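Note that chain A is present in both complexes that follow, paired respectively with chain B and with chain C.
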Partner chain A sequence: MSARSLSRGQRIAIGFVAPVILIALWQWRAGSGNAVIGMAPPSALFNALGEVLRNGTLLADASATLTRTFVGFFIGASLGTAIGIATALFPLLNRIIGPALHALRQVPMIGWLPLIALWFGSGEGAERIVVCVAAFFPAMLNSHAGAAGVERRFLDVGRVYGLDRLQRLRFIQLPAALPLVMTGLTQSLAFAWIGTIGGEILMGANAGLGVTMQQAQMQQRLDIVLVAVATTAALGFGINLILQHLRRTLLRWQPVLP
Partner chain B sequence: MTTAILRGAGGELGRSVAAALTSAAPLLILLALWQVASMSHIFPPQIMMPPADVLHTLFKMAQSGELERHVSDSLFRLTIGFVIGAAAGLLFGAAISLSRLAEAALSPLFMTLWQVPVIAVVPLLVMYLGIGESFKIATVAIAAFFPVAIATFDGIRGVPKAWFDVGRVYRLRLADTIGLILIPATVPAVVTGLRIGLTRAWVVLVATELLAADSGIGQMMEMGRQLFQIDVVLAGVIVSGVIGFLIDRGARAIESRATRWRTA
Partner chain C sequence: MSTDPLPRPSVSAGQQNFRGELVISNLSKSFSIGGENRKVLDGINLSVRPGEFVSIVGASGCGKSTLLRLIVGLDDDYQGEIRLDGSRIATTSLDRGIIFQDHRLFPWMTLRQNIELALRNTDVPKAQRARIVERHIALVGLTGFEDAYPHQLSGGMAQRGAIARALVTEPKLLLLDEPLGALDALTRVNVQKELQRIWMAQRSTMVMVTHDVEEALYLGDRVIVMSPHPGRIRRIVEVDLPHPRDRRSSLLHRLKDEILEELTATPNGNGEPAKLLRLPARDVH
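Then we have the complex of A and B:
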């Protein structure tokens, strides 16, 4: 009963209890000489953060990772959206490439890594391709569903107005597909982000948050790993916020979803 | 009469066979093109291997029991990790949805940790657990935990209050309220969460096996890459795709059975 009548301030205060206990426990255990935890008490994280901020690696890593994500997302998602819409508009094209694409889709995105590494080496190019592949499929699936699922009555109105093929595309099919296209883009950016980090951890080329994580793990620098993980989480959270905002702005005309 | 029915059935069968053929034809043409392209030696065999050779490798690995070992090791890790992660997710989701105090105390921490991509935790887990079995199982469990916990939370919170009111009118005991209202009402959401958790767990497992393992589908591909055996890599791609497909289809079938009462 009492829990129901918690004020906002109390709720926020209670939310801090668990993290504080965790951190206190961690600091205390670090002092007691546990091999792994001992390497990085919470207080050491600030030193590590200061270290990577001063020598510029954090900034370089974050910008390398973000560039990879956005370049891969841009190529993969625009190809995916274009192919998704094209296969929805031309059934013949869908018959020809649809089954092959759906067969390829079943492979887990990281599963492509060894093959891509074999074909393109494990450099920057291969990493971008992994991100493209990761971003491609969600964009394709959703934009296909969006363009194929346009309501019959909208198309009927178009026919009454005597729209030609191009006008129908411009005024009916594309706007109607937009909500799902946006869903696809949101998903594919999330996939691109995970694909980038995964590719960096597994291939470890040049700079990047995943590369730093992997290298720090090998040098047993727990503090650096944790700083990189926290940065990854924060950037992912930021990307998510931007996307939600973008979605709301672009889909203003849409009635609020249930 | 009977002949008419038979003919009708035959026609239907013929039509579905024809439909299957037309949808398979482009795929077969693609495979044929691949076969021709790789046999014409435009590309070195380390880069491009004819599909027939890949199938041959797949058969050989299946016969020698090597494939079976990799697949069963991967599926074993997936099962153990998923069961642990899903059970923890169910308990956690139920706890924070049933108790407002637990929600206030734990959900901020949970939401913060949820922002971390599972794959980014991999280097961390390697440091704590080494590169043995426990590390892979822990990764799979974490991948399954979050979707299941979120779905359980949403499912329990989404039960209309009116249903509990009806239960109160009937003077149901607590056990009956849980068994007759709460569980049936939350099953669809939870099953969806379990499906998402399982498919994610599979993807993450392949990734961890690529990174560090002595067996498993991911390790098979990684070894193939290091030894420039593209047939082994491609066989791994095919097997991991087929397993992912079967997991997804199986889970969807269970999901549609579990949510049947909704449409009925």
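Then we have the complex of A and C:
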């Protein structure tokens, strides 16, 4: 039976099989006498979840983390997309700033943390800059590739119909680049998410899922750590779903790949 | 027969008098390939009358597609002259349209948007554009597919869409670069018929490149036979049959055999055909 012959409901249900088995195994192992150190049973997790929901820390953490991610993603990915497209359209600009950007891109995201902490301290601003930097490069690289790779045959059509520079950009270059721009945004969001959580754990802040993970670890509250991890997984999954939906809507003109 | 009582359009209506007259004189074109200058077109001389349908056939490498790129204005690096209604061609213009072998509809636009885009920089009043687009979609038999994206159309339908896009600006001169090359035999015959009908209705000048001799003869008032390396005009054959034509006409079949023989003949050293032809129709130039 192929996955394609299933109904939507069946497909969603089947996605829950692996997590449920995992949780059952986990409960069984944690319940038997020789529980691994560093493992809390799932039942303890539900208690912890109830606790952080009641005292409001989960909601505060999640909203702080999401805000950080979105603000950083928005600024970093917008700049990245704009610079990526601009360098594709203006070869001279690419000559001037391209090499520097490609060199900087080689620095792993974690490598930026000490510098940013040194320059901007460890406040909210520094956190957001980390996320911006993380979101910037994937957006820049992909949108550059998209705008630079517009097929000559389409540009020729634009010339035949006398499109001016702006019309060419609007009707040919931008739409042709859109698939790769969207790929860049998807990657940027993933990087922004990693950057947010990583920054929170390593640099600290008032609130945030990463902050709670770090603090709970210090207090040996394994159950709280796991609640934060599970929330991070669920939110990340949700954000990605939204972006995938946006991608499908914007790129509905693309043939569906078999 | 009495003389026309209506006053003839005079010089003031000059557009009617010189609609789509293409004159190519001493045209040569070279490409630099690996530092070496390669001549792809050499000494092309050709006059196309307004409203005429001219087919160009020739083996691959004879520069026929290059010739169309030059005429449409996508490439202005050539020696000699190409004039449309007296003015030298240096860049693209809405006077000239082209249909490529691949349909080149923008995949991100619906059929309607694709055709509307062609009108964007014309002086057709905005209020009339939608109706004109609709009429051209109907002309190529695609009514009902206005909002389809190109990937939702079959190859033949997309090519007909490209034909509608090229016709919507009513160019004086329409160039067709193997427009039906990618179609299956059945669709091809149908689109040929459609092309002929459209051409008879619009009477704009058309120049079509093809490697299908039968198609060249079926549609063309004249067939230009080209030889490769470098591309030269080898012979111009006038097809003296009224339109619409019957595909089974014996004249078309005879001409086809003779042109094919000419195209496949081995040159006898200096590029001349090995065998002189006796063509039943008039030879011009």
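In this section, the second predicted complex is superposed on the first by the 217 of 258 C-alpha atoms of A that agree within 3 Å, B and C clash if a C-alpha of one lies under 4 Å from a C-alpha of the other, contacts with A are read in each partner's own complex, and residues count from 1 in each chain.
What we mean here is this: a contact is a pair of C-beta atoms (placed from the backbone, for glycine too) under 8 Å apart; a residue touches a chain by one contact, two chains touch by 3 or more.
Quick caveat: nothing in here was measured; it's all calculated off a predicted structure.
Engineer: Using the touch definition from the top, say if A:114 reaches chain B (first), chain C (second), both or neither.
Structural biologist: first
Engineer: Which of the two partners, first being chain B and second being chain C, lies in contact with A:153: first, second, both, or neither?
Structural biologist: second
Engineer: Examine A:52 and indicate which partner it touches, taking first as chain B and second as chain C; both and neither are also allowed.
Structural biologist: neither
Engineer: Taking the superposition as given, does A:167 touch the first partner, chain B, the second, chain C, both, or neither?
Structural biologist: It touches chain C, and chain B stays clear.
Engineer: Is A:97 touching anything from chain B or chain C once the two structures are fitted on A? First, second, both or neither.
Structural biologist: Touch partner of A:97: chain B, not chain C.
Engineer: In the superposed arrangement, which partner chain does A:207 touch: chain B (first), chain C (second), both, or neither?
Structural biologist: Touch status of A:207: no partner.
Engineer: Once the structures are superposed on A, label A:182 by its partner contacts, choosing first (chain B), second (chain C), both or neither.
Structural biologist: Touch status of A:182: no partner.
Engineer: Give the label of whichever partner, chain B or chain C, reaches more residues of chain A.
Structural biologist: Partner with more touched residues of chain A: B.
Engineer: Using the touch rule from the top, collect the residues of chain C that touch chain A in their complex.
Structural biologist: Residue positions touching the partner: 72-74, 91-94, 96-98, 100, 102, 104, 106-109, 117-118, 120-121, 149-151, 169.
Engineer: Would you tell me which residues of chain A are touching chain B in their complex?
Structural biologist: 3-4, 6, 10-11, 14-19, 22, 36, 95-100, 103-104, 106-115, 117-119, 193-194, 197-198, 201-202, 209-210, 213-214, 216-217, 220, 222, 225-226, 228-229, 232-234, 236-237, 240
Engineer: Considering the complex alone, what residue numbers of chain B touch chain A?
Structural biologist: 22-24, 26-27, 30, 46-47, 99-101, 104-109, 112, 115-117, 119-124, 126-128, 202-203, 206-207, 210-211, 218, 221-222, 224-225, 228, 230, 233-234, 236-237, 240-242, 244-245, 248
Engineer: In the complex formed with chain C, which residues of chain A make contact?
Structural biologist: 153-154, 156-157, 159-164, 167, 171-172, 175-176, 178, 252-255
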